[in-house]
Structures are given as structure tokens and as C-alpha cells.
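Reading through the C-alpha cells given below for one structure.
Should a chain be cited, it is by its letter among A, B and C, assigned in written order, with residues numbered from 1 in that chain.
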Amino acid sequence: MNKRFLTGVASAAVAVLVLTGCTSGTGDAAGPAEPAGDPVAGGTLTWGVPAEPSAGGIDPMVASAIAAEVIDSIAYDTLLTRDDDGTIQPALATEWEQVDELTWVFQLRDDVTFADGTPFDAGDVVYSFETRKDGGSNATYLSSMESVEATGDHEVTFHFSQPDGTFLDAVSARQTFFIVGEEAYGGATEEERQTLSLGTGAYQVTEWKQGVSITMEKNEEYWGEEPYLDSIVFEFYPDENTLLAAVQQGSVQAASFIDGSLAQQAETAGFTLGEAAFRQNLAIYINPEAGPLADINVRRAFALALDRQALVDTAMLGNAGVSFVPPAGDPGAPDAADLPYYTRDVDEAKKLLEEAGQPNPEITLSYMGDVAAAHHPVYEMMQQQLEEAGITLNLESTPLSEIAPIFTSGETWTDLVAIPGSPRASAVFYLEPVLLPGGVYNHWDGNPDAEKARELLIEAKAAATPEEYADLVDQLATEAAEQVLEIVPAAVPVYFEVWDSTKLQGYENDAFYSRSGLDTAWLVQ
Amino acid sequence: MTVTREIAMVKAAGARPRRAKFGPSFWSGAGILAFILVLAGWMSFWPPHDPFVAAGTPLAGPSASNLLGTDNLARDTFTRLAFAARTSLFISGAGALLGAVVGTTFGLIAGYVGGWVDAVIMRIVDAMLALPAILVALVVGVVIGNGPLPLIFALGLVFAPGFARVMRAPVIAMRERDFVLAAKLSGVRGSRVVVEHLLPNVLTPLFVQFASVASQIVLIEAALSYLGQGVQAPEPSAGRMISEFTRFMQIQPLLIILPSLVIILLSAAWNLLADGLQDWLAPRREPAFSLTGVKKRRSSRKTSVRTEETAPTRNTDTEESQQ
Amino acid sequence: MARYILTRILSSLFVLFVLSVLVFSMVRIIPGDPLAAFADPANPDPAALDALRTKLGLDRPWITQYFVWLFGVLRGDFGAAITVPGSVSSLLAARLPISLMLAVMATVFGVVMGIPAGILAATRWRKPSDNIVRGASFVLLATPPFVLGTVLILINSLTLKLPLVGFAGAANDPLRAIGVLILPSLLIGLVLAAIIARYTRGTLLDTLGQDFVRTARAKGASPGRLVGRHALRNALIPVTTVIGIELAALVGGTVVIEAVFAIPGVGSLLLTGIRSSDYPIIQATVLLIGAVYVLINFIVDLIYPLIDPRVRVHTR
């Protein structure tokens, strides 16, 4: 009797679910953005996000998590910004000039005040850069900066110890050198810096309810055009399926997704899906000190056995791009498909393995098992593809907290470890931790395969002009692909952004996940 | 929970005559488990497809070659589900067994020796029982790693205290009984008394507890795998399949319906077994009357009657703890 | 009686102490590194992290760390969280009421649905209603709640589009909070109802089988009066124990439901802490959950002799 009942209930459940499956196919595809009406002021925008700032809170000098950077890029400004195609635009600085190889001079705006009313001047810029260089986050971008001084009320001069080809990139990146106020930031407590914002941006953080939401309110003192929205509330949905539900039930007007397939489902439900720039490499770092990967032929065979386009199309359902270093979505990134060993050739791979005397090598790949489940199919599919060339890939799903010691205390790993990268302000910094001494992903010291790449890297960092820098970076990427110093199966966007264009208008996402479009967007009342 | 309350419950339950026949609960539970066992064995030797390799078009529905369809990487769902069921069966059986062995040992020792040994053991048991099962499993799992074997160890550890408590009460109740005193007086060694005289009389709650715990382990393993802390990729696991494939729900709902059914089936099977064992070992005395007012009694019904679960402890009540 | 209470208090305190040691050592054995959250994977700086480690006192011997923590706890200070700004106490203070509300609402649903179902099943023993209740309990007990939750949310997303998920708007509004918690607590309550129904049915059947009931019946008492006045009171005593234990287990035992419904409760705080190996959070949360459990059990132990005369005589 019990079993019969069980079967009956199970059948009913199946029937309900199948019905749901049938009806869901007929999604309402309102699709692309509605034509915008006239801007109106006022309203609160609710935006669902999958991650909450953690260590360091939203302190722009301490926090490095992307969840914090997204908030900070709204609340704080940088000296310069850049368009999606890479054109540099003024922000807090109006003019910039490289006086000589070792000196840069910036002219600053004179009509800016911080959210608390204190005026902005050169002293704040000096303070920001000195604090950052002295143990702040992203200090590595200032490694060749010798000093910074205020050479006028609204003029700042930077002195370098050697030519730095990365500086212009870094200073115009939207999340690298946030400017804080000497008074506002300097006078605040550690907790205030981590939980509130003290910047010059269009909206400032006024409340942070742990685990629930972050509220930002319009900055009345904003130096640019007055924003239309009164406030923005970022709600936290750690489970992205729940976030999708919130989107579909109308609780949020916009959302960011790490998982592209969910973003696509939101699009099917009538939301606008912004164009996503593939700025996050699913980087796989190599430890060639022992094991099959010590032999360059094995590494090349590995690279040749991968069908990267299939990984993009099937494992990531098209929500990714073929990439190397820098990520495909970085402005100015070359087409990775042209790089050596990027086109699949299983026969050639087998030949190389024969040459290396290892026709069936066993290679271990450790990856983060408890986060970013959207990326896991890539590794599983890689396993399938490599099998065809005779390579056995052992997948080790490891908790994030166990992989972390690799980049916190420089622990070593076996063969391969997959650590999705975060976007860097400048191209060389993707390979810096891999090639330079002291880099936590560097197991190439003394390995002749990496020597030329290392030299190119050092040269690029000290490039005198942007053209020279770009050229050297290209050469570096080609060399790194030639020697297979890193494996990148695909690049994904940091976030997919969807929004309800019947409610939120005038908004477009940018390639830098900075949501700068919110400065000029409005809500239909 | 004081021991006196437990004794009161046990006494209220009283001694029952054993019935020799198994009821429908037992057979359906045992049947399902046996079926899964056979299927698992068959799959291990002759799987229709390799569970880690593409075998068709992705996200396809049932077809001749893929009986239950395929997943997002075109792997055969039927094979993967069978493997997942095998893993789940193995983890639940082995975990419950480990918990039973460890917990019963401590419970018997505590109950028989008494005194401060009893007190210390029971306080540690209380401390461990103060935490919901899934949390302990989470924390222990993080410590000793993920995967089936560490999971068995973690879950055995989680449920051992429950066994200890359940096994201890009857021991205390029987400790003073005549036949034990007689054995001790005639010089039988303590441990022998325990094994030969007490153990057979406490088997009733032991078997029931075992099956009940196993059914809970199925659910906890599913929950842990859902959270990413249980069985890891690419090893198939029903719980993890649900979390991985919820995002395809609107495209291919079978991908989460089927793993759910597997979990439900396996957990229910253990439960049925537990109920069946309980019916067989301690049938219920018939109530004084039936409120439907009809007097007809089917005499054969007297054989398969139900009995009350033993004292409320961590055995059946912690089905809650994996919400 | 006073001696009994004293013994229970001491015993509970000892349990809590053992728990604190267990929790503390478990957490230290975890291989992960709490400072991982401070590191930028593309831009690592081990030297800065070492400095941070010293600043947080994480490189001192375990014994020292334990006593520092313990004395803090006794003063009500659970320390500062490592990967989240602010003190652990404030985090818990924000989340505990939510978890408590969820647990209480689920228990209410469970009792309201479970006890009548159990009574129905017991009094209609072996009849269809009994089998329906038993069968439904079975299926509910075997179903993972996150499956029910996910499916229901999905159905809602496609049809009614009610605001079922998302706690954010409800943080300051208790009424809206209850509204958001209704569905998850209903789901948990369903499973709880299954458990309670089984226990109620069991104890009621046992009670109905006893001599005093037969006697009352023989003396002419009507069935309804028998159940209502005599049998039910006896039968419900052990059931209240179960309810107490379940309620205690729910606080913190709802990790998965909290994940599915995006509820900022104690369970999801623990999950966050575990994922980032944040020792203060893990220790404090586990200890708190354990303490709640011990407290509720203690209360139940105190009440039990009051309502069950059979046990009163034997209290130690």
C-alpha cells in the first residue's frame, strides 16, 4: 500500500514538472531594449548581485574582491577612465602628459568635492597614491613609481625610477587607483572605511546590511551631471538560481550573473542582456618542475588536444570566448585563435607525445569545486577531449579554502591548477606572477623554456611608449603560447548584466563591470 | 534527556512476542534496495555508456540509446544516475554501519559500566548531539576532505552518538535483571555477559536505528553534494546533479526530476526497511477500539501490527537536521 | 527537585564546555586559510598576509588562542570576523532572529498539520485515512526539501510571479519578513509534520491499547471523550519532547533551505564561514547553535517531570 502510494505521488510530481517544462518553452521574449522615453528624476533601483564584499569590506585601499570593486567603481573616481574600445577619457584629471621617460604630469579638476563636503585637490591624489603604494591593494602597479608630489593646487607630478609602460593603462583603469580624500578617508575609522564610502562618485554607500543588501544614495555634491536615481540597492543572492527567480518574479529590476546560461534565461523572460566582455581568463597555471609537463612536447600536445571553440560552444553554452593572455575582452587584446598551438590537431598531439616518449601521460588538474559551478563543465569537457589524444586528465575538485594557500602563502601544486583570474589593468600583469621571481605561480625559475618570455616581460614593463608596450605584449603572448607557459581554455565575462528596460532606461553596461551607466540612467516612474 | 525518562518509555513499550512474518513494508523496502544493488553491480561491470564521456547530443530527451536522456555535456543520464544511486547506497550503508559499530560500542560500555565513565561518555554524546547533523558533516567534511570515503567517516561520526544513546538505555534497564546477575554470580566475564546476553536483546532498536540512519544519510549526502561539499565532480552524485542542473530546468527538466526521484526512492527504501523491521521485531498491541465504529476484525491482521518508535532521541528526529 | 535542577544546569554547562573545545579544535584542523579572502589571486602578496596573520593573532599557539577566545565569549564578545567587516556578535545578532522566526514558524506549521494528522491516522487505524497519512509522511520524509523548494520557486517564476524569494526588502519590516518566510517554513513544516504525525500516531495507538482505556470503554465512555480526555493527554507527552528537539535542531539546521531561498539566517552564515575558513564565524555560530539546542533541551528536561507523573518519582 505504501509503495503504491509512493508511486502515485511520484507520478503526480513528474506530471507537474513535465507540464512546467512544457509551458516554460513559450517564454515571453520582449527581447532588446525598449525605446527610451524622457529622463525623470527619482526612484530606487534594486539590483540583484551574487556576491557580497568580504575581506576588507569596500575599503578601496584594502579590498580586492570583484564584489567590492563593483561598488567602489561607482562610489569612487579615478584620475582617468577609458571607453570600451580603449580610448582614454578624462575623469578627475583633465589633462595628462608624459613629460619625459620618467615623469608624468596631470592637471586636475578644480570643481570637485568629496561627499562630505571637503574640496578635492592635489594633496588628496598624493595621499591616495602614497597610501596605496605603502601596503594597499594593487600596490604592485606602482612598483616603479618613486614619488608623487603636488606641484600645484590642481597639478600632480609622478616620478619613476625606470620607464613604466603600464602606468597609463593602470591610471585609466576604472578599478585600480581609486582616489580618496586625505581628510575624509584619513580621518575615518577602519570600520567606517570598510562599510561606508567616502568618495567623489555619483552614488555613495550609506548602509550595508550584512548578508542582505548594500544601499547607495545619490551624491548631492557630485561634480558631474546630477544623477537621476535617488538610490540604488544591491541585494545579495548567493544562489544564482534564486537570483533568476527574483528576476522573473520582478523583485529586482536588474541583476548580475556569473552563470551565462541563467542570464540567457533572464533574457528569454524579457530582460535585456548587455553585451559581455570576456575579461576573466579561466587560467590554468602549470608546475613544470616535475611530472609529464616538464617536457615541452607534452605541454604542446596538451594544448593541441584542446578544442577551445567546442569548450566555448558546449561547455559554456556560448557564453565565453577563446582567449589567451590578455583576456579576449580586454581592450586591444589580439585574436587568440591565431596563436601557436591553438588549433586542434589530435594527430600532431599524439606525434609529440611519441617524441616525448610519453604516449599516455597522466596529468592532474585541481580546481575549485565549491564555487563557480558554471565553469566546471569546461574542465570535464577538457578531460574528454584530452582522452582522445591519449592524455589522462585527473580532475581534483578541491575546496576554495584549500586552493587558497597557493596564492596566499605561495604553496605549490601538482601539474595543473585552475584559478580563474581577475581582470588586470595592464596586459603584462597577467604573466607577472607566473614569470617573475617571487611570483606565486612561478615555477619556471631556471627553466630555459621561460627565459625569452621573462625577458620580454621585463622589457615590456619598462617600455617607453604605448606603441612599444603593445608590440612587446604581443610578442610576449606569442612566446608564452609557443612555450605553453600557461593554459587558458576560455575567457568568461566577470558578470553578465541583465536589466528590465521597461523600468530602467538609459543604461548600458560597459566592458569594465563598473556600471558607469548608472550615472546617467533613470527609472520609469 | 534523563535516563529515567528513557527507561519509562522502554517500560511502557514492554516486551513483545516476536512475529515470524515480515510485512509489506519490509519487503518493499528490501526489494527496492536489492534492486538498486543489483543494478549497481550490473552497471559496474557492463555500463551502457561511459559516465564520463559524451554519448549523444547534449540536453536530449529519452531515446533508444540514451534511456533517460543526456546532460549538458552529452553524458548518458541513465548510467550516471545508476552510478549515483550506487554511490548513495554505499555511503548510506557504510556510514550507518560505521556509526552503529562506534556508537553501539560506546553505548554498551557506558550503559554496562556506569559511574563516571557513563557520565563522561554521555556528556560528550550530548555535546555532539547538540549540533544538527548537516553542520557537523559540513565541518568534519571540510577537515578531512570531500569524496565518498571521508564522507562515510564524517557521517558515521555524526550518527554514532545517536546509536550510543539508543543502545545505552536498554542496557541499563537490563543490567539489573536476574539473568545478568546470575551470569555474573557464576563468574562469567563482564564482556562476555555483554556480548552473549545483553546484545541479543538490544538488537531490536539497533536494526531499526540502522535503517533509519541510513535513510537520513541519503538525504544529508544529497544536501551536502548540493552545497558543493559532498561527492565531487566528475563522480556522479544525485544531490550535485540537482544543483548543477537547476539552471537547465527550463530547458530539460528531466535533469533534476530524475535525480530527485533517485534520492526519494533510496531514502524511502531504507525507511520502509526500518519500519518493516520494527513491525517484525516488536509488533503493536491492538488498540481497544477503532473509531470507525466497525467491529469487523481480520484475524490475519494481528500479525502485522505497528509499534511505537523507541524513546525520542537522535534516531528518527533528526530527519529535520538536513533542511 | 532542586538537586535535579542543579544537576541539569551543571551537566548542560559541561556539555557546552566540551562543545567549545570540540568546535575550536575542529576548526583549526581545517586545511583552508582564512586569509585567502584578502588575497587577490592575480596579484598575490604573501608578505602583507603574514603581517595580517600576526595582527589577528593567528600565529599564536592554539591553547592561547582558545583561552583568549573563551574569555571573550564569556564576556559576550565573539571577536571580529576575519573575512567580513564587523564583529561576529553583530552578525549573529542580525541573523539569529531570522533563523528563530523560521524555526518557530516551521514548528507551528508542523504541529498544526502533524498532530491532527497523527490523531486521524491513529483513530482510523488501518483504514484508508491512516494509510494516506502514513504514505504521505513517507514520501515527505524521503524528499530533500531543496528539491521541493526549487521546484516551487520555479513554478512561481513562470506563473504567479509572487515575491517569494529575496529577504532584502523585509529586513526592517517584520510583517514582510513573515511573508517571505512563509513558503520555506511551510516546506520545512511539512517534513516536520510527517515526523510529528508518525510519533503522535504511534504514541496514541500505544495509549489506546492500554488497559485503562479498555476499562474506560468498557465502562461506557464514548470514543471521542476517550481520545480527547484520556488518551490524548498521555499520548502527547513524548510528542512534546520531539517537538522541542526538532525546534532546537531547526535553528541552524536549515542551511540548504536558506541557500535556496536566499534567507540570511544562521545556517547560511555558517556556510559562508566554512567556505572562507573564517574561524571566528565558524566557532561562534556552531557554539551558538549548540547552546540553543542545549538550552531548549534543558527546558524540556525541566518541564518533562512536571507533565509526566511516571517520571517524577525517578528524577535524580
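Operating definition for what follows: a contact is a pair of C-beta atoms (placed from the backbone, for glycine too) under 8 Å apart; a residue touches a chain by one contact, two chains touch by 3 or more.
No experiment lies behind these values; they were computed from the predicted model shown.
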Consider the two chain pairs A-C and A-B; indicate the one with the greater count of contacting C-beta pairs.
A-C
Grab the C-alpha centre of each chain and report whichever is closest to the global C-alpha centre.
C
At what distance in angstrom does the C-alpha mean of subunit C lie from that of subunit B?
20
Subunit A to subunit B: how many Å between their CA centres?
45
Please compute the C-alpha centroid of subunit A, do the same for subunit C, then give the distance between them in whole Å.
39
Per-residue multi-chain contacts in subunit B, two or more chains
142, 227, 229, 246, 249-250, 264, 268, 272
Could you say which residues in subunit A touch two or more other chains, in rising order?
1-2, 6, 10, 17, 20, 24, 241, 244, 370-371, 399, 401
Multi-partner residues in subunit C (2 or more other chains touched) are 30-32, 138-139, 150, 154, 158, 259, 277
Name, in rising order, each residue of subunit C that touches subunit A in their complex.
30-33, 35-46, 48-50, 82-86, 90-91, 94-95, 131-132, 134-136, 138-139, 150-151, 153-158, 161-169, 171, 259-262, 264, 268-269, 272, 275-277
Applying the document's contact rule, which stretches of subunit B touch subunit C when the two form their complex?
1-2, 4-5, 7-9, 12-13, 123-124, 126-135, 138-140, 142-143, 215, 218-219, 222-223, 226-227, 229, 239, 242, 246, 249-250, 256, 260, 263-268, 271-272, 284-293, 301, 306-309, 311-312, 316-323
Which residues, counting only subunit A, touch subunit B once they are in their complex?
1-3, 6, 10, 13-14, 17-18, 20-21, 24-25, 27, 240-241, 244, 259, 261-262, 265, 268, 314-315, 317, 369-371, 373-374, 376-377, 379-381, 383-384, 387, 395, 397, 399, 401
Quick check on the complex: what are the subunit A residues that touch subunit C?
1-2, 5-6, 9-10, 16-17, 20, 23-24, 46, 48, 54-57, 62, 64-65, 135, 137-140, 191, 194-195, 209-213, 233, 235-239, 241-246, 248-252, 269, 370-371, 399-402, 404-405, 407-410, 419-422, 424, 429-430, 433, 439-440
What residues on subunit B touch subunit A, complex-wise?
24-25, 28, 52-54, 58, 72-74, 142, 146, 227-229, 232-234, 243-244, 246-250, 252-254, 257, 261, 264, 268, 272
